[in-house]
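Labels for the chains are A, B, C, D and E, by order of writing; each one numbers its residues from 1.
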């Protein structure tokens, strides 16, 4: 019984954090596929989203308004970032692009210290804080929110990319940029759209996690890294796989923390990354695509 | 045209290199400030790491986001061998080189099947794993409390205790490293690396084994990083695992990218720019009226970095090289000849 | 004497038969041309010979030695080298460095000797240099020796690529559309050069669309269409072959 | 309807298309034939705005298009069905088709859906596999899809780059027949680039032979098909075609 | 392209000029104090308050006319929590700015890297970091010039152990953050626990970036400890504390002195209730009895800081307050800024100095001078702090 409750607990923890990683990882995948850029500043969007929400709601806005406004602002920031830094440099080498996104993350982090200071900030949970007990394991309402919102966001993304016309255009642009151009689809517009979108998703992730862990200017780095791993494990080209990867990483982390030692937590997830890269470079869930050689 | 002219086209220009060497040698006597000499010691150490990275990135075309691991391996090897077991410092340096070679081999074989972003992430993961070992293997490394009491570097009874003597040591190693790397990249091995960078399939078609060539480049750069790490440990006398975190790897990459990986001098140039920029921002940013703390320095640094790379995506030395390097004037003559030939 | 023997070579890509049951042989000191309309499978055959990917079925024998399933650099070691349809020059390296890189297999200086510039390394470097310069003279490129290869005219870049392949002293050289992008004059000159090199003892396998050149230089022609060999013979025979004409001009007669 | 005058297109410093002039009238099918490497695809890419022309002009109904980008050109009514189909292989057949009308979809959704039905009429086979992924179609079906997608843009000029590539002769014939039907029913002008001379010229009104980036021969399709020099150009039997 | 070369050369020249210029022209008229704080980077929550405090105090002293008519000039750098920057800043302060003393080193690592420089240059150096190695190193290397104002773990840990012992909580769970702060606390704890008869039934680490530690805590729960000790700073401790309660471990939680900020209470919310931790008296200044020696100073510091920065001061700021006034005291006693004399004064003449962190009794053997009496055990109650003694 006890071991079952521990198992459940680990699973809950893994799913909660996994859903946060998932939101950021989807952003990675979208950005990477549309612009070819591995955006090391992705985690910073989470930081901006969380801190903005905290400021807005402490300024008196109701929580839901603060959340929406914060996401919109971060999307704007993301779009600006795309125009100012990614678009002009899109033809540079991989190393140069990586460094550019890292430079941007410096700017975001420095600006955050200036605006919000160095102390951590807190956000009240969306709906109460009384834990729900299942088999002696504890589930917090905020965890439900986290999993729920990320699944909803995933469903939203699915709807956007598969059911809406603009979404299909973005997808088309990913699959075959050349042909998309022939259809009159502007890749530049899609690139702008996709980075704003992934910035918004990142912001959402940050907002969800703020009530759980608090928010501070430096929260973006590690979230970004983990989401990276998730995206790569999923193959970097496929958003649903990235989400699975994110949950997997969340669960692996929880289990290595629960059964091993949390000091090795990061190393374990990176070791998983290496194993996947070495043995399944197309990702764990690489399904047979319709593509022919 | 004979081979002398050919080799002169890349060998260091005697005039230029003499001036440079002279400048490097008299510098500490002109500038008596230990602070400035220290910045140059750091530049020298970073220069060594980055020269190795230039060979790996600029010539073999392989990206690494995990070089802090090799730097750390060197530092901790020296610390443990000479600080804990009281062997002479040179033994620590050699241990570091040996371990770095083995680790490079182990990580290189699976990694080099990967390309670009995937390779970057794999090396990043490798860096995190090494960092975790340094952090968690407390019985050997002291863990996060750090490792202190590393003796000064000593060779043949001479101990490098002052900043000035250490400056000469580091720059001598750097000069040797540059010379070695320059010889190497203009040899059979170097051509093989460069041709992989140019076109992997063409390189294979002339019989170049991609894997062994890339491994050679990785091992060389790992040794450079390890030596620099060893020297760093002896210089600073206190190290802790956080010095060898992912961020340090990123800093190395920043240096190489802003310096320009296509030129041998790119690594050193990047190290100079990075160290100076950070130091100068410390003085300049408060002059602009921001005096709260370091956040503006970070913002300014980030903005400068992005602007620089948007306008000079090949790095400073990269574009310099297009104008025919200062250090190899022969190319200019060839240029004239081209004009005549057309 | 047969230098290369290809037996029943096939390649499937996920159910698509790119090449099916193709067999032909290449004689020493000859120029063999592999022709066929776009998508006929010529490049696939090339890639199998050079080891880019293994054949699904069939064998490739070089000089009585089976070389199918070897890696590209191993095949280069066995003595087959190639040029590429879309020029794969080392654009950032100078012309002479490109040629010198071709000497990789013939030399052996390692990291240490090179890095420390030991005498033996210098001696070997001298040898590589002399040999390469000799070739550049032969190709009439010595004026351009120190220019980055990427800055040369297209025709000259082709020459450099061929020079880089030939200097490895291979048994067989595969040329993938060497005339593409050359003007009439340049391709005529290149054709002469190929014939000269054949006389010196080199063997070529050539994929080319410029039929005039093919007819002029080839001793033997193999025609592929839809992955299948539809004809084989001397240029005259091929020009008269009905199925070849049908394949090229497009005809509803299936072969 | 479209006049190309002295058009040159470069790849890097390599001149691929050298001052070509030709025109396509309304409702005309014109073929450009030539061996691989002659520059056919580059020519179409130059017109479609994929490769910006180095010099020359492309006029359509007195509007200059030579320096416009690909999106503007699609909007002007010139659509390219690219070589090797280039369909969106992870999207369904219907999505592929709808994306073909991207530039006008938001404005005239209804019209687009009508056009979709029209495309299904031309290619009944596609109608039976609306929700199948494009990548899972056979070569011939993919080609039909690509042409259908091109039609969804409602082009005045439809350009096709080697539609017969890799297809069995029977399917090639089907596709060529559909092109003729299309021209007859909608009056769309068609510019066809082909290696398969017979298939192309048999449905064309006029034709050009392209070689090394220049037009070396032009005329009525019928006469070109009979021309011995065309055959020579392909099989290299005589050097007479060389300028 | 030439432009770049020129820019490069110009930057070099500017750099050399700005670096070589002797900025301490008014030698003798000013007291020059160097400050090195981690105002950004991971340690920023600690370092920012330290830097602000010193800046505020310098202004205040100067407004009041300085010391013996001499104004104080503060040159402070942000080391961005980076060791190399700390070392370079230290060299710059000593060599270039010719400071008379240095306050700083927010984190132990940076301080330890700077110590050899202070020792070599013979400049008084007052560290704000906690590690025992700073003033009392295991390898017995020289610490002649180094002082420290923070309560080291060698002071805090016994306070906690004593508390546990008094409460009869002998089987405890030990959790520390995986950084230098946490591990040095752990090292000290492991060394001393036995003395007090305390046994750790489970010892765990957590990351500073932890978001959910329930996984790890399931293991803690299994061991059924009588109390849980959490050793970290505000953000991560809040996460852990919340998780401990959420997972249903209902035993006393003892935190470290790293959580002495309002942010902790905000972050941990309702779960913060009842948490006990050792801390300097600053937090509970208003609850002190009027005869407490520190009370007046604490309240003044609180008032001044709040007026200036619109936020309550932290105990870390208090460490730099102590460092600054200890230094002033020593300079006054030494009648000047001669480093040797200032050092001697610090060592011999500051006995009984009343500061924010406690009452200092620095002497030749102990360059910290704080005892565990400088700490009080504080309990979080109704979103505020109350003394729990």
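Going forward, contacts are C-beta pairs under 8 Å (C-beta built on N, C-alpha and C of every residue); 3 or more make two chains touch, one makes a residue touch a chain.
From a predicted model like this one, the values you see are computed outputs, not experimental measurements.
**Q** Using the contact definition given at the top, which chains are in touch with both chain D and chain E?
**A** Neighbours common to chain D and chain E are A.
**Q** Compute the centre of every chain as the mean of its C-alpha atoms, then state which one is farthest from the centre of chain B.
**A** For chain B, the chain whose C-alpha mean is farthest off is D.
**Q** If I average the CA coordinates per chain, which chain comes out farthest from chain A?
**A** Of all chains, C has its centre farthest from that of chain A.
**Q** Determine the centre-to-centre distance between chain A and chain D, using the mean Cα coordinates as centres, and give it in whole Å.
**A** Computed from C-alpha means, the inter-chain centre distance equals 43 Å.
**Q** Indicate the whole-number Å distance between the mean C-alpha point of chain C and the mean C-alpha point of chain D.
**A** Chain C and chain D have C-alpha centres separated by 33 Å.
**Q** Please compute the C-alpha centroid of chain B, do the same for chain E, then give the distance between them in whole Å.
**A** From the centre of chain B to the centre of chain E is 35 Å.
**Q** Which whole number of Å gives the spacing of the CA centres of chain C and chain E?
**A** For chain C versus chain E, the centre distance works out to 71 Å.
**Q** Two or more other chains in contact with one residue: find those residues in chain D.
**A** none
**Q** What are the residues of chain E that contact at least two other chains?
**A** In chain E, residues 39-40, 44, 48, 178 touch at least two other chains, as defined above.
**Q** Looking at the complex, which residues from chain E come into contact with chain A?
**A** On the chain E side, the touching residues are 39-40, 42, 44-45, 47-48, 178, 204-207, 209-216, 218-219, 222, 234-235, 238-239, 246-248, 261, 263, 266-267, 269-270.
**Q** Okay, in this complex, where on chain B does chain A touch?
**A** 57, 63, 65, 110-111, 113-114, 116-118, 120-122, 124-126, 128-129, 132-133, 135-136, 246, 250, 253-254, 256-258, 261, 292-293, 295-299, 301-303, 305-306, 309-310, 313-315
**Q** What residues on chain A touch chain E, complex-wise?
**A** 2, 5-6, 9-10, 12-14, 16-17, 20, 110, 113, 117-122, 124, 129, 131, 133, 136, 138, 140, 209, 212-214, 216-219, 221-222, 253-255, 257-259, 261-263, 265-266
**Q** Which chain A residues qualify as touching chain B in the complex?
**A** Listed in rising order, the residues are 32, 38, 84-85, 88-89, 91-96, 98-100, 102-107, 109-111, 113-114, 225, 228-229, 232, 236, 261, 263-264, 266-267, 270-271, 273-274, 277-278, 281.
**Q** Under the definition above, what is the set of chain D residues touching chain C in their complex?
**A** Result: residues 13-14, 35-37, 162, 164-166, 168-170, 172-173, 194-200, 212, 230-231, 233-237, 239, 242-243 of chain D touch chain C.
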